[in-house]
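Just so it is clear, A, B, C and D label the chains in written order, and each chain counts residues from 1 on its own.
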Amino acid sequence: MSLTVNLPGLSLKNPVMPASGCFGFGKEYSQFFDLDELGAIIVKAATGAARYGNPTPRVAETSSGMLNAIGLQNPGVDKIITDELPFLRQFDTPIIANVAGSTVEEYVKVASKLNQSNDIAAIELNISCPNVKEGGVQFGTDSDLAKEVTYKVKEVSNYPVYVKLSPNVTNITTMAKAVVDAGADGLSMINTLTGMQINLKKRAPIIANKTGGLSGPAIKPIAIRMIYEVRQALSDVPIIGMGGIMTAEDVVEFLLAGANAVAIGTANFQNPYVCPEIIADLPGTLSKYGFESVKAATGKGHVHG
Amino acid sequence: MSLTVNLPGLSLKNPVMPASGCFGFGKEYSQFFDLDELGAIIVKAATGAARYGNPTPRVAETSSGMLNAIGLQNPGVDKIITDELPFLRQFDTPIIANVAGSTVEEYVKVASKLNQSNDIAAIELNISCPNVKEGGVQFGTDSDLAKEVTYKVKEVSNYPVYVKLSPNVTNITTMAKAVVDAGADGLSMINTLTGMQINLKKRAPIIANKTGGLSGPAIKPIAIRMIYEVRQALSDVPIIGMGGIMTAEDVVEFLLAGANAVAIGTANFQNPYVCPEIIADLPGTLSKYGFESVKAATGKGHVHG
Amino acid sequence: MIKKQTLEILSHIQIAEDTFEVVLRSSLSKELKPGQFVHIALPGHMLRRPVSIANVNPEAETFTMIFKILGEGTRNLSKYKHGQYLDVILPCGTHYPIEELTISHALLVGGGIGVPPLYYLGKKLKEKGVNVTSVLGFQSATHVFYEEKFQQLGDTFIATNDGTYGQKGFVTEIIAELDMPIDYYFSCGPTPMLQAVTNQLSNQKGYISLEERMGCGVGTCYACVVPLKADPEQNKKICKDGPVFLANEVSLA
Amino acid sequence: MIKKQTLEILSHIQIAEDTFEVVLRSSLSKELKPGQFVHIALPGHMLRRPVSIANVNPEAETFTMIFKILGEGTRNLSKYKHGQYLDVILPCGTHYPIEELTISHALLVGGGIGVPPLYYLGKKLKEKGVNVTSVLGFQSATHVFYEEKFQQLGDTFIATNDGTYGQKGFVTEIIAELDMPIDYYFSCGPTPMLQAVTNQLSNQKGYISLEERMGCGVGTCYACVVPLKADPEQNKKICKDGPVFLANEVSLA
């Protein structure tokens, strides 16, 4: 049973990685298990300057999901490079840096700085964060802007760039094609869906930012559909799939839909051991469904006609 | 405690109605309770000719939701008028006819025929059914098409027209404004989100149509967000809110987001008594949160700034 | 009259591998007819699960169902214990119309979780004085259940896929060897089995009982349709027009 | 060392209106310090629920928590029985740093579900020989709990919002009447109470313990931040840098 996956810049021992924003920079979860076990780690978003994020409450619980509006709190790309990434050197696990910004210039600045770092293996270009007022999500919902920012970031980056798509769009395939045309080495999908919950007692949205990003098993059918559609349209593009994964069976479902690897977000909060547990379950689950490797399962859920 | 709501064409004794496609034409659920108790009834979609729908499986269960791809099976508008609607005359409950089609001409034809019926109180224009190959959803995701079909149906209809919006769009407010500009008397939102589930054993999507519409509590945060956004943009448009309602507290959340009335879909399948139970719970729930009537709660979850 | 009831579990025992027999008390028990099903809500699941009626004790106002663990819902159901309660819609669907039929010899053909409804049917047939022969297929020895109970109704033959019990192979092979006149056959089981059986017995009158993924279970949502043989553009609802159909009425393709 | 453990419930009893005391066995019990919390998974809920440590019995390797029904999660938790198991992450967060402090007289100020962590704190203070005075606020008489236990630690005053028990009104009114020198105060309760108490005692050194909606509970997600008083553009994580803070460190606005 081979769990290995080779994607641009990423030689993965297994296809499972924590999703950006759900694993910090690895320190906390390294108390629970050896991060060597992970296929890769996608770290928290980096912006040009430090960001203090949105007011609280920043999270709410929903049926089979949660809303978050953290607002890209992070110490800024410089401090991430100097203070956060070095800790991860001790692990034999590729690091994917998540790049965010409000302007094309900010994206380019962050990517150029990360390009100087030796601690990362790839960039995830987060054009889809719905929780920042100034910019952020427009890049993910306008194919021209998405194209532009991808192109400009590619220009300054020697690392492969995986563009993280927003599901809050009418046509996911159009967005995928746009960023692949602009040079994206791969796709990461999906980010959260914009949602809201209202506090009946307070007569106001629970999340201080009003809206938040919906994640967790509630959105899995949407993630699977979007990955399936994009895989139909672009048979070769590397896809890191995510959205509601809780179990090894979910991972296989994402592989069948067309993902080459997967990321796990919200589930970490419920179970800090979820990534290593899924990795341990994966060989048995793959063989239960008749697959001899991760690669053999990718895209196998497609029926034609 | 007043539960009444007055909307174009609809004098509702309470704001709760079963959603289209989840209550047939009322006969089956009339075995469980007296349909007089309902605020209104939105019946199954009508098309120009009879439709036999999609192959099975047509439904799948998801975390806190379900997928469906019924494919608009219905006996056609003529038979609906002659064979189905008369049964509902015995109840003192307004009937809302749901109109679907593949072409503008079909929508107009169905609406004109319903215009001759005395058994309905309003039309719900379903421009958002994602489960039919030829047309259907394009109307709900292209604002020009949405405008056109709304305008043309309004021309032939003396009944008020509530346009049912698709959530599978980048900008729900643009769609809402487009149909209101074209003369919509109200909005009905949201329809289902397009999703997919893959059968690991069969290595194929569970739903024969591949994709299906996601409904149930999983989508409630998206429904609440979209209603809130549209209510912010259009302070006066009547909105029938739906998407994941299971309890009277959920109804109050929809009212606070800006809905004037609500529809209940998937929950009927789990509990055939859900509509009358919610109606019974509503006065207590409203007063628990300090509201003296349904009208008093509408839009009260908005915070400004 | 169809109702939603909260029913006490009087007994909940495992009777074969992954297979459980549950006895529930309901005031509607005496109205339940062979072939009908009940629709069960389970916490944490959006949709109900349809399960056939396997037996009825009208005096005790109880009925029995038998189910096999297939996925999360049935796994959940397997963890219930006697004394707990289930939220059930019942009775659902049509029944084998044996009151209207003149039968002297009936053949029951069941496969796996299609076996349970045939037991109650067989019991009712025997009460009517009908001779009953049963041919039951299971995966393997550990999955076999109710053999003795069927034997009390008449001759009973068992096939297992792997030959660990009874005859190795399919029910159709046993049917091929049967040498007796039958008036009607009644069959329930996986679709491939129903196809094979209806083909094999195409000269016989028979009734079959179908399965499909359901939404409402009461006839409103059009989830559970099956196309008609006569006109595949037309279909019927398994939950309301079925689950019992005339063998040549519906298309199993 | 923080861990996820499956812990047996040794006792689960109601001690006041909507209020439950739960004793759990954990090998980590002896490491738990006053002010820390545990993070509890509940079936059917995406997110864990943070609950403070209210007492520890290091010999028996058990600890106690006390919670009040607020929403669906705590309602779910209230239905557990002894002998069942809970999935718990522990220990979480910082503690009241009493080892490092020189105190002769401490004032504990608790409100509602902010009272439980103060009990374990008070016990530890008393063990150190510190004089303890407690001022506890509750909604009404039926919500009062642990009064006798606090009395065993030192003078204890109760306020209820509706005056059905103890003094009518807020804890601040009792504090205003207290006539004694204190070195440190320790407060936990709803934010409005903490604001009032920190304002009233702005000349005293004190520690407060905060609540916020949490995602991870371990410091990765940035859900649970509180702005710093010195620079509101900077913030700290309640789950990791807190829940215990110096009274003048964070902004409660």
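For this structure, a couple of remarks:
Keep in mind that, in the parts below, a residue touches a chain if its C-beta (ideal position, glycine included) is under 8 Å from a C-beta of that chain, and two chains touch if they have at least 3 such contacts.
To keep track of the chains, here are their UniProt names: A, B = Dihydroorotate dehydrogenase; C, D = Dihydroorotate dehydrogenase B (NAD(+)), electron transfer subunit.
For clarity, every value in this text was computed on a predicted model and none was experimentally measured.
In terms of the stated touch criterion, subunit A (Dihydroorotate dehydrogenase) and subunit B (Dihydroorotate dehydrogenase) have no partners in common. Averaging Cα atoms per chain gives one point for each, and the point farthest from that of subunit B (Dihydroorotate dehydrogenase) is the centre of D.
Taking the mean of the C-alpha atoms as each chain's centre, subunit B (Dihydroorotate dehydrogenase) and subunit D sit 47 Å apart. Centre-to-centre spacing of subunit C and subunit D amounts to 57 Å, using the average Cα coordinate of each chain. Mean C-alpha positions place subunit A (Dihydroorotate dehydrogenase) and subunit D at a centre distance of 36 Å. Under the contact definition stated at the top, the residues of subunit A (Dihydroorotate dehydrogenase) that touch 2 or more other chains are 62, 64-65, 216-217.
Chain contact summary for the complex, subunit A (Dihydroorotate dehydrogenase) toward subunit B (Dihydroorotate dehydrogenase): residues 62-65, 67, 141, 168-171, 193-198, 200-201, 203-205, 210-212, 214, 216-222, 224-225, 228, 244, 249, 252-253, 256-257, 289, 300-303. Contact residues of subunit D toward subunit A (Dihydroorotate dehydrogenase) in the complex are 1-4, 41, 45-48, 73, 89, 212-227, 233-235, 240.
Put simply, subunit B (Dihydroorotate dehydrogenase) touches subunit C in their complex at residues 21-24, 27-29, 31-32, 44, 52-53, 56-62, 64-66, 68, 70, 73, 206, 216-217, 266, 268-273.
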